[in-house]
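What follows is chain A paired twice: with chain B in the first complex and chain C in the second.
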Partner chain A sequence: MPVIAVRDLAKTYSTGAVEVRAVRGVNLDIEAGEFVAVVGPSGSGKSTFMHILGCLDRPTRGSYELEGRDVSRLTRDQLADIRNTKIGFVFQGFNLLARTSALENVELPLLYRGPSVRGAERRRRALAMLDAVGLADRVDHMPNQLSGGQQQRVAIARALVNDPAILLADEPTGNLDSTTSREVLDLFRQLNA
Partner chain B sequence: MILITHDHEIAAHGNRIVQFHDGLVVRDETSAGERVTGAAPAAEVLQ
Partner chain C sequence: MTLLVTIRVALKALGRNKLRTALTMLGMIIGVAAVITMVALGRGAQQEIETQIQSAGTNLIRVRAGNFRRGGVSMGVGGAPTLTVEDVEAIRREVPGARYLAAGVSTRDQVIAANRNWNTQIEGTDVELPLIRIWDVETGVFFNPSHVRSAAKVAVLGSVVRDNLFGEGADPVGERIRIRNQSFQVLGVMAPKGTGGFGQDQDDTIFVPYTTVQKKLRGRDGTNISGITISADSPDNVNPVADEITAVLRAQHGIPPGEPDDFMVRTQTDITTMRSQMTQTMTGLLAGIAGVSLIVGGIGIMNIMLVSVTERTREIGLRMALGAKGRHVLWQFLVEAIVLSLVGGVVGIGLGFGVSESLTRVLLWPTAFPADAVALAVGFAAAVGIFFGFYPARQAARLDPIDSLRFE
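After this line comes the complex of A and B, so read on.
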């Protein structure tokens, strides 16, 4: 069973009299363990597609199954639950909380899960993820004490700490120099292996 | 792992490349250039 199964997926935005058909009927299966690059120019529909895969938006037509469950017609609260438990996000701008340590940033998704993950377990899992991304010696650093590449590594650890079904990375190297970009892409490959 | 990018050099780091154009998938192949035989991209059906 593919982890993602998309059938005839479409998204149309209406802005007054104008209809924008951002995604126009996409079929795609993605298996667990694949490292898939979705590429296209601005306005090609890739970001809209990513928003739907990330349960940040709903399609206007078609179906989207995540781990065998059709999530294309869920309510906002149900989608939020899916996002928190099944999907990890990495963004171009890192989106770390300022004045919050690397460790606390990585613990956040576990905190949102409520009392099911207790403090000691949160800390253990966050430390393990920071170690996995090569930042075991930076756990108490604030974001402004870290380089861009290190901040993105913290964001990757945060995205993976919940052991999500899928990791979505939206232009994750957009704010990094070419050397650091390669390091981050190598890290993705290593973590995906 | 799904990487979204506008940059083909970055995309080349994936094991599989799915290319969007005008709201459709116009290319779906492995990094070795083999076409993926899963669900047929709508654009390929149309072409």
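After this line comes the complex of A and C, so read on.
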């Protein structure tokens, strides 16, 4: 059984008179352990598709089954749990919490975990994650004190901190130099292995 | 997410915008401080009344001519000439529990001494008044029965009158004062007594024999008096004695059963109760007005919380994207509102305490710290936080993650 099964998935934005068909009838199965890349030109609907897969947005047509469960039937709270523990999401625009240290940003998903994680444990796991993305010396920096690439790496650390089964990364190397890009992709491959 | 974490997150959010947090709290602080101060002032006044009653003597009974409760024509207290000296004698004869009695006729007039003059209360009374009111003569003497019998032109001054006619602390004994172009001899000065049961200055008065007021100042020779002041022989006996006096006076005046009294008998307790009720109403009114500012403070909190929710839409969206549920967001904002109102409330209590203390120290207004009002204010502050914080918090909790993330 595929982890992700998408049938005829479509998303249409209607802003006033214009209808934007961002995603038009996607069919896709992803098995556990697969490493998949979605490619396309700018504005082709990659982010829109990823948001739907990440249970952040709902499609206007078609079905999406996650681990055999029809996502459209899940409640808001169930979706929140899935986003928290099953899926790690790296946003294209990072979406770090402003005026909040890198460490606390990475700790965020741990705050909302079902059985609550104790403060010391949260800190330990967040530090380990930041270390894995090479930011051990920047844990107390605020987002505006970090470079674009560093911010992106904080976002990656945050997506991984809850040890999710699925990692969705929206252009995770868009702001990185080629060396760091390779490192990040290596990190993903390592996690995938 | 535990409550502790929620509180920490809320505190951090409040700490990010300290000025705004402080200003929002200010509404709450002023509201709570105002309530505390008002109640403290009211309680202080209450306590002072109780002290005054003790100083006035708990055994006091006053009889006034006329009865405003009488149907038809409104007479006003003291308006009808229904009490006479014979009534006083009847009470003295028939009510043994009435230990001291003093007939009273009062008037107000200009009093002149040498080059100064002063408008004051002229209380015509009897020799037992100092015993009834538990009030000593400071210098000189009170007038005696022969002064009363002969309607002598003698006067005992209250300390305020002495201060205004002869200068502060002067000894006017033996001096002469003029009332209605008649010369009176000053016999003595009463010890200062302070403010009376109805806020009047008891020291702003002159005592003369009641016969003198009847014959020399009112210009009409009669036996009518406007009131009788009586002291019962024991505090427990006040009400029985008051009842006996009523019975004696009804018999004296030949009032048939069923007809209303043409006089009024009041005990000190009646007066106290009335005065207490007045103060309570006043305190309630002031605390109510102050309470309105609490509500205004609450609306201020709601306003800021709504602004805050809009401002932090992206933050809310992000938290939801990372797994925060509606209730997590709800609690985060609710706790912020409660912290605002509670901290504001506690600071307000401190401020209210400080203000009442200063009022007592600087203006010498009596205040009493109201412990129950403090508890009430804290409870009310929390309630305001919950009430006015709930709507913005629920707005936040209902947001959609992706729409909020895209919000600008």
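The definition used in the following text is that the second predicted complex is superposed on the first by the 135 of 193 C-alpha atoms of A that agree within 3 Å, B and C clash if a C-alpha of one lies under 4 Å from a C-alpha of the other, contacts with A are read in each partner's own complex, and residues count from 1 in each chain.
Rule of thumb we're sticking to: a residue touches a chain if its C-beta (ideal position, glycine included) is under 8 Å from a C-beta of that chain, and two chains touch if they have at least 3 such contacts.
These figures come from a predicted structure and were not determined experimentally.
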Which partner does A:Asp77 reach: the first (chain B), the second (chain C), both, or neither?
-> second
Should A:Leu108 be classified as contacting the first partner (chain B), the second (chain C), both, or neither?
-> second
Please work out whether A:Arg99 is in contact with chain B alone, chain C alone, both, or neither, and reply first, second, both or neither.
-> second
When both partners are placed on the shared chain, which of chain B and chain C touches more of chain A | B
Name the contact category of A:Leu56: first (chain B only), second (chain C only), both, or neither.
-> second
May I ask you to decide whether A:Phe35 touches chain B, chain C, both, or neither, giving the answer as first, second, both or neither?
-> first
Determine where on chain A the residues touched by chain B overlap those touched by chain C, and list them.
-> none
Residues of chain B that touch chain A when the two form their complex = 1-8, 10-25, 28, 38-42
Could you pull out which chain C residues touch chain A in their complex?
-> 1-2, 5, 9, 16, 314-315, 318-326, 328, 401-402, 405
Which residues of chain A touch chain C in the complex?
-> 51, 54, 56-57, 76-77, 80-81, 83-85, 89, 91, 95, 97-99, 108-109, 111-113, 116, 119, 158, 162
Would you mind writing out the residues of chain A in touch with chain B in their complex?
-> 2, 5-8, 10, 21-30, 34-42, 44-50, 53, 166-173, 181, 185, 188-189, 191-192
